[in-house]
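Next, two complexes with chain A in common: one pairs it with chain B, the other with chain C.
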Partner chain A sequence: MDASTIDPMRPRLARVRSRRRDGPQVWTLEIDAGPEARSGFSAGQFNMLSALGVGEVPISFSGDPTEPRRIVHTIRAVGAVSTALAHLGVGATLGIRGPFGVGWPLAEAVGQDVVLVAGGLGLAPLRPAVYHLLAQRSRYGQITLLYGTRSPAEILFRRELNAWRRRADLSVEVTVDHALGAWDGHIGVVTALIERAHLAARHTTALVCGPEIMMRFAAEALAAALIPSESIYLSMERNMQCGVGLCGHCQFGGLLLCRDGPVIRYDRLRETLRVREL
Partner chain B sequence: MMSAQMDAAQVLTGAGLDALLQVLKSRGLRTLGPKIRAGVIVYEEIASVADLPRGWTDEHSPGHYRLRRRDDAALFGYTVGPHSWKQFLHPARQCLWQARRDGAGEQPHFEPEPSDAQHFALIGVRACELRAIAIQDRVLLEADPQYRARRRDTFIVAVNCTVAGATCFCASMNAGPAVSDGFDLALTELTTSSEPLFVLRAGTDIGRAVLSELPRRPASDTEIARAAARVEDTAASMGRQMPSEDLPQRLLRNLEHPRWSEVAERCLACGNCTMVCPTCFCTSVEDSSDLTGTQLTRTRRWDSCFSADLTYLHGGSVRQSTRSRYRQWLTHKLATWPQQFGTSGCVGCGRCITWCPVGIDITVEASRIAAGESG
Partner chain C sequence: METIEQIISSHPLFAGIEPAYLHLIGGCARNVHYDPGRYLLQHGAPAGEFFLLRHGRVALELTGPGRGTVTFQTLGPGELLGVSWLIPPYRWTYDAKAIELVRAVSIDAACLREKSEADHHLGYELMKRFMPVLVQRLQAARLQLLDVYGAGR
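For the complex of A and B:
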């Protein structure tokens, strides 16, 4: 089919191949989109997933981009659509459109150190970047993952994080806002981890994903650690309904975040992030 | 095929215009044009010249519109009403797809695309409206196949404006009042008495082919000069103007200007300005299913930056205040649209001024805000 005849608003039907719980209200689905599905995505891109008859929402890829035929998404049930999606059983049908957007600048970061800063569910859109970096480990310098979440119970991908922590070629630090009982890790906000990490400012690329307020403080902390704003990238979240820049919902000043982002370089955001209700 | 001789201006009478409508219909096109309905000029299906608003004009001021009799029988002696052509090319409601489940729990399947592709002939498209269509083309043509299908075969009969409305400012947006390109045929009305009279030019091969089927005669030099003079007079009598110098940068430097709060005190956030605007394109989608859950439908409808839901994120809307929504609307039109699509989002048609229930005027607000704190 010629690209111009494909309707980007028309989903393909797909089925849930497997499902696992990854945290409170968080499920990871592997999706089988059939043999004719477009395969391949880059880390940081997203799909529009439909719970049929309920609605459609943007969800980032959370799986391994080096396994292009496996479509994996991690979903937190917060409202009607995300709850319907997260509760789909194995074999259930859903709609899928994508991949959309511009992802993490992993090609540009070759030869650099990379620091990934995740807040809460923001770890899910960063996980494909970790897979990519580890698959091409020798092409990058120091790799650091800084992850902050509310409480120990909410730590995502726990087993995988533990495996990553045991690796010598990856440094992983986890912090929680508050902990009751057995937690011997960091307590406090993720920006404190940035201040403590020894980042080689001049040759580090920073990838940040989490709630907007956390990203703003993280970017400021990274800038204070002398990382140039041209080397800091944030994954921006706005209401998105089309994925191709025609519905108008995701405008952020001159940016259409679904088309120009969701990953945007910090120097293009610094001023506008300060404007309330933009 | 572009030869000056072929594009020599022709003269058409009322009968010639009727012949034009018949030729377009015989080519399978729905002829859409101006008609009076409930005291306003709207765009609807028209059957013949008799449907046109003969001898009527429209009076505009902020928050005010009224039809008035002209002292001649001009067919296009008004400016623009609340309708724009986007209602046909980018309809207010549109089904994106339908799917069916043969039984509960069964795998749904998509129903075939509805083949209701309609082909339009738009009659009486003004220069500002041609520009608005070109702007929506930039936004939608590539990304939206349904828009592309409707747009592809649209035949456009443009009309040069021979009167300017009091809320018009197309000249300062470089969008009118003379049409320059993007039309198949362009008319300039010379009607003075009871007999409609037009100078007519073709802009495309298909326009030339249609023209060749019409009863016509070559225009005289005097007629051509009279037509040009009428359009020049229109440009000179423009009701309003938009400041042009550095406008995008000046607006973006003033995102916290106190004027935003002042205008927000008057603005009702009704969204009228976005509904009547010929370039506004924002839409939302809605999913629905019938009671048995076997029929699934996704519908797209116009939305507006004045609605809270447009920016809804789990936990609340990004743009909570009317101030932020008005700011989004005005800065999008005049400052960020160029960054997104390489063109202004405003053509100076004045609809948003006329149809704002409280008469908020984009040219006044933009001037005040762009002038900075001291403004």
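For the complex of A and C:
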């Protein structure tokens, strides 16, 4: 079947090819969606994954966009659906729709410095962007990854972060909120890393992903570092259901986040983010 | 070789400060270094100085019975260590330990307070430079309290 004829509202059955624990209650699944699956995705896009008989949730891609046949998602078990998905064993069946949404502006950032600011599980939707940037390293200026999480035990993709740290062409800084014992890295909030990063404000594109409150403060810290709001992008998450901008559940002000996002420029979000009722 | 005043003026806290103030501050300053594991300041002790960090990182710690030692912040080059010298009773409210070899400028608090009393313009200049640091750290403490990574994704 031609991929373009696939009904975006109809889940396809897929199987878990492999699973790996990437943190407390966090699992990364590689999914085999069969030959009918659409191949390829843009960094920052998401799929709707369904645990059969339980429900469906939006989950960002966390794999490498240069390997379009590999569908990889990182899931934290927090609600009924995500817990059911995270606990699927190898060979188990799930439903999948997508990819959906607008991803990170990596083409627009060519020639610029790029700073990626991740908080907690927000590193997962940014990982495809890191893969892309490294695959096309010569097209970008300075690349900086700033990652904040709660404690050393909750650092995601630890082996990969260590490998990235060893690269001379990528600057990686990790901070935790608090630590006991042997941790000898940064302690403090991720916004402090922004203040220390000495970014070339006028030539930097900033990609921010994490819990919304963290993104709000990170965007403010980036703006305080004189990065124009037109160069700051946030990955937003709301109650995405249809994935194609029809049902309206993910409406955020004048935006439908599943269709217009999840990645949205900060200048389009700033005022709406201040509205308490949203 | 750099003079102490040149070193102070190159620290972000005192960037662009007027030469007259720089001279007054420099008169209270000395270079110091701490080996890894040594404490720059300890909870409850008199806050007799503050530090302009130039090299190496410092862990800010609190220790409580049954909880062990918790590091709640790390500071590095270009940052300020110590604000309790500004406010009575001038005592440290946490421990600060060198994680690496630390090189810093130590500024004598009583000396600078005395000069600030004599010249309120200097005191105002210092307040304008310390307040943003205090506000940033208050905001950081709020974010840590909110446990911002715990929800959502």
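We take it that the second predicted complex is superposed on the first by the 272 of 278 C-alpha atoms of A that agree within 3 Å, B and C clash if a C-alpha of one lies under 4 Å from a C-alpha of the other, contacts with A are read in each partner's own complex, and residues count from 1 in each chain.
Please note the rule applied: contacts are C-beta pairs under 8 Å (C-beta built on N, C-alpha and C of every residue); 3 or more make two chains touch, one makes a residue touch a chain.
The structure displayed is predicted, hence computed values, not measured ones.
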| item | value |
| --- | --- |
| Overlay on chain A: chain C relative to chain B, clash or fit | fit |
| First, second, both or neither for A:L13, with chain B first and chain C second | first |
| Which of chain B and chain C A:E237 touches, first, second, both or neither | both |
| Chain B versus chain C as contact partner of A:G188, first or second or both or neither | second |
| First (chain B), second (chain C), both or neither touched by A:R127 | neither |
| Which of chain B and chain C A:R268 touches, first, second, both or neither | neither |
| First, second, both or neither for A:R97, with chain B first and chain C second | neither |
| Partner chain(s) touched by A:G53 [first = chain B, second = chain C, both, neither] | first |
| Overlay on shared chain A, then closest C-alpha pair between chain B and chain C (Å) | 6 |
| Footprint overlap on chain A, comparing chain B with chain C | 237 |
| In the complex with chain A, residue positions of chain C that touch it | 57, 59-60, 68-74, 76, 78-79, 99, 136, 139-140, 143-144, 146-153 |
| Complex contacts: residues of chain A adjacent to chain B | 4-11, 13, 50, 52-56, 78-79, 93, 237-239, 241-242, 244-249, 251, 253-256, 275-278 |
| Residue ranges of chain B touching chain A (in the complex, touch as defined) | 96-97, 99, 107-110, 139-140, 143-146, 148, 252, 255-256, 281-289, 293, 296, 298, 300, 303, 305, 310-314, 318-321, 323-324, 328, 331-332, 335-336, 338-340 |
| Touching residues on chain A, where the partner in the complex is chain C | 60, 76, 119-122, 124-125, 148-150, 154, 175, 177-180, 183-189, 191-192, 195-196, 209-214, 217, 237 |
